[in-house]
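The data blocks that follow each hold one structure.
Each of the next two complexes has chain A plus one more chain, namely chain B in the first and chain C in the second.
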Partner chain A sequence: MVLPIIEVKGLTYTYPESESPSLKDVNFKAEAGEFVLVTGPSGCGKTTFCRALNGLIPNSYGGEFRGSVVVDGLSTTSTPVYELAQRVGLVFQNPENELFCTTVEREVAFGPENLALSREEIAMRVEEALSTVGILHLKEKSPEELSGGEQQKVAIAALLAMKPKILVLDEPTANLDPLSAKSILELMSRLNESGVTVVLVEHRLEMVSHMADRCIVFDGGRIVMDGSPEDVLYSDSVADLGIGIPKVVLVSKHLNRSRNGSLRCLTPDGLASYVRGFPV
Partner chain B sequence: MISVEGVTYSYGGDVVALDGVSLEVGDSELLAIVGENGAGKTTLVKHLNGLLKPQKGKVFVGGIDTKETTVARIARKVGLVFQNPDHQLFAETVEKELAFALTNFGASPEEIRSRVEWALAEFSLVKYRDRSPFTLSGGEKKRVSLASVLCYDPEIIVLDEPTTGQDNLQKTRLAGLLTKLNRQGKTVIVVTHDIEFVADFIPRVVVMSRGKIIADGKAEEVLVAKEVMESSSLLPPQLAELSWKLGLKHPSIKLDVVIGEISRMLEASAK
Partner chain C sequence: MKVFKAFEFKRGSTVLHQIDPRSKLVYLILFTFLTVYFTNPVALLAIFLSFLPMVYIGKISARWQQSLRGALFFIVFIFVFNFIATVYPSWNFYGAAVSGIAMSLRFLNLISVFSIFFLTTSPEDLTQSMVQLRVPYDYALTFNMAMRFVPTLSREAQYIMDAQRSRGLEMERGNFIARIRNYIPILVPLIISSFRRAELVADAMESRGFGASKKRTSLYVLKMSQTDVLFILIVSTAALALFCLNLLL
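The block that comes next holds the complex of A and B.
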């Protein structure tokens, strides 16, 4: 039997200054190579969940932590942060808050330098990470002079240089224009195809649901739905959760009701081919 | 209400942020200004409350030339809600933040109190009244900055990217509020690249690209114009894309229209 790469068991977590828990008895497993989309209303526990996956919670935040989080075989409560950082990379909503070096190259080299790797190894990792995200040409630039989308790519490259097996992204496209957002999401899809396990928090399901293998929905600190994006978006109860259902799904659901069909499309392409007589 | 006439503006260097832009906005209109980053959207709206003055051309707000008056006077008419709340918020508590503009405008204590209570309730901020705005989450700060502008009741409200970091429920609530304000007679201008939000809630759309306005009209017409969407580097609404892929004669951003068209196509092919 294959061990899950992420295993969260009975996780209940309360922030230090808070009276009620932000996560309540969360149980979650992901297999290596999965692309997991995480969604749900604001304040439902998504961000807290992300922080728990790389050990920021409880190691940096304190608070009351019950249950366990094991990533790549390591328990987050008993593993040093630098060990976890080589396995789980966390990308935040606002890249400005993460970048602090004078050049893109220094920024991306920062993590590997702290692992005491050889100079050649560091240089190789930096080149590789920058070319993977497609910003090798920005190597000499200062992160400050880049656009939001480019900054987010720098933040992702900095994590890739640590060669993590898991990338956790907390609304990485929230502040980006649509084309930059699309390019970050497509990058995630490519990285996932190359074997990286991706956990992505995103509200704009129309842009990403077709890329994911699985979709989990948080509400009130709990996982309330867990299944394929089709299972989740086409379920009857999903509308009550206040998440934005893509228009293609709304159209298909309506056609299913009025024509007794069983459409499960997630993209305009899928639905258009069906209507034109080429079922997908 | 607002008249922008051939305005050109450059921050220096070779790049022209606004290149001969003209725009008329009537009383109690609800419109969106969309376009890629760097298209000139924010530069344009900064002209509407006098933060920037045109280098060429003229801007009139309520008949007044913005060059002939002070920012303080226009600001009372035109409330601008910034994209990044951290650039706007500064007071010690949420309550003080909301009261600030009214106090400056010399409103009576009773009026200030009643407006602040209204805004706290309208934006679900009552429980945060004594908190520092800086200790709130991104989405909550965004609501404080919006509340602080609506609190002093300007005639024209300009919102720069109000939906970033907001979930679907909050977006729907925001849309409801903007629609309500608009029905009460306010002019509401939303700068955004959240095209699904525009398609669902905003009747008029102005598309900007590289410092120029490249389209201006009804949302259901502009957002389905393929060449406009492509040349502005915007992602089209999902229903527009679906309409194009289906080859609909009249592409639409309305759910019932697209469903109707598809039903017809399916029935025709069944015969």
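The block that comes next holds the complex of A and C.
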């Protein structure tokens, strides 16, 4: 039995200035190395959930916190955020607000500098993080001059320099064009293959559902579905929630109805080979 | 707002860019002092001329000139105001003109010396030099972030202005007071959104371990080189020469 790297038990949370809870009795477990896709309509508690995973909630936000969140063996209520930051990296929606230094290099160095590492170690981590993300050539640039996709990559590199075991991303592609979004999501998939646990909040299911091991759907502050991406996206109840079902799934469902089949593919390629008569 | 353009740093590779910010700080302090101390317009003009080689070496003449053009209005204003203020009891037109010119030159010199400093010093080097001058890191970082967010805020102000204009706000209407009041619908959203942004930036900082250790380290440490020593020597000599010139006049 492997210990879960993230364990959320009975989490109910209310923001200080709010009357009703944003998260209601959330239970969630993730194993090391999993790629968990989180989706759901706007205002359903996804962002709050992300903040709870790295301890910003309740440590920085206050409010009413019930239940428990344990990340890599540490309880978020009794561990300071800077301690958790070395285990969980959180990428935000708008990269403009996560970059506050004047060059990419300093931006990525900010985290390791806070940890009071030696200069050699910092330089090594910066180099490594930038090359993993593939933006070594942007080292000297100012974040202001970069495109949204590049900025988001800088933000990811800045977290990788902290060497976290878990990456939590809160709609990282919300402000990006489809091509940059694709490259960010593929980067996530690559990082996941190298052993990082990924929790990704995303609306672009079309692009990402086939990469994930698991899909979780939030609605009204609760987890309403939890299963493999196929199970969740092909279920009957998912259509009523505010989720963009991938077209591949819609077409497959249609084919299933007319041919009484049980097709469950998530990629255009899979669907295409089925239509051509090859086994999926 | 052209005046502010003069302080927007752009990366360069001249000697002046590579000199330690602390050496340039020596230069800044020396020449600011001389400018404030001198009253003779000829001496003040000499200071002004001494900026020319600096501007040439740092390859910043275009933006420096731009800043002077932007300051033209203030210079004329300072001259006129000074002239009127000094001419009144004595009716000495020559004396008033001289003092007006001196005051305008003083202003010109201050803009130039600060412009030379900021145009050739990167914000990150400046921040690092503050840290090494024992300014607490929180203050140095605040300064650095202020520099970083200037363009972001000005872009945001433009968005808000566009939004309010498209709803019918007329910025250029009315007398002086009314025009200032026209800015309220721009400023209120700008301030509120800045507060929100500040919270999000704070989240991002905490998520990267801000405050993890009492004494944080730094990727780069500034070191004084021989060029710095030479630079300080040259500017000190120049300052001394200007000081003597002022005594002779």
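Simple rule for what comes next: the second predicted complex is superposed on the first by the 280 of 280 C-alpha atoms of A that agree within 3 Å, B and C clash if a C-alpha of one lies under 4 Å from a C-alpha of the other, contacts with A are read in each partner's own complex, and residues count from 1 in each chain.
Quick note on the criterion: contacts are C-beta pairs under 8 Å (C-beta built on N, C-alpha and C of every residue); 3 or more make two chains touch, one makes a residue touch a chain.
Quantities reported herein were computed from a predicted structural model and do not represent experimental measurements.
Residue contacts after overlaying the shared chain place A:262 against neither chain B nor chain C. In the overlay built on the shared chain, the residue A:243 is in contact with chain B alone; chain C does not reach it. Of the two partner chains placed by the overlay, only chain C lies in contact with A:105; chain B stays clear of it. By the touch criterion defined above, A:115 lies against chain C but remains apart from chain B after alignment on the C-alpha atoms of chain A. In the superposed model, A:171 lies in contact with chain B only, and not with chain C.
Comparing which residues of chain A touch chain B with which touch chain C, the overlap is empty. Of all residues in chain A, only 40-43, 93, 147-148, 171, 174-175, 177-180, 182, 203-204, 206-207, 242-244, 246-248, 250-251, 254-255, 258-259, 268-269, 271-272, 275-277 touch chain B in the complex they form.
Across the interface of their complex, chain A is touched by residues 11, 122-124, 144-145, 147-149, 151-152, 197, 200-213, 215-219, 221 of chain C.
Per the touch definition, chain B reaches chain A in the complex via residues 36-37, 137-139, 164-172, 193, 195-196, 233-235, 237-239, 241-242, 245-246, 255, 258-259, 262-263, 265-266, 269.
Of all residues in chain A, those touching chain C in their complex are 51, 54, 56, 60, 80-83, 85-86, 89-90, 92, 94, 96-103, 105-106, 109-119, 122-123, 126, 140, 143-144, 155, 158-159, 162.
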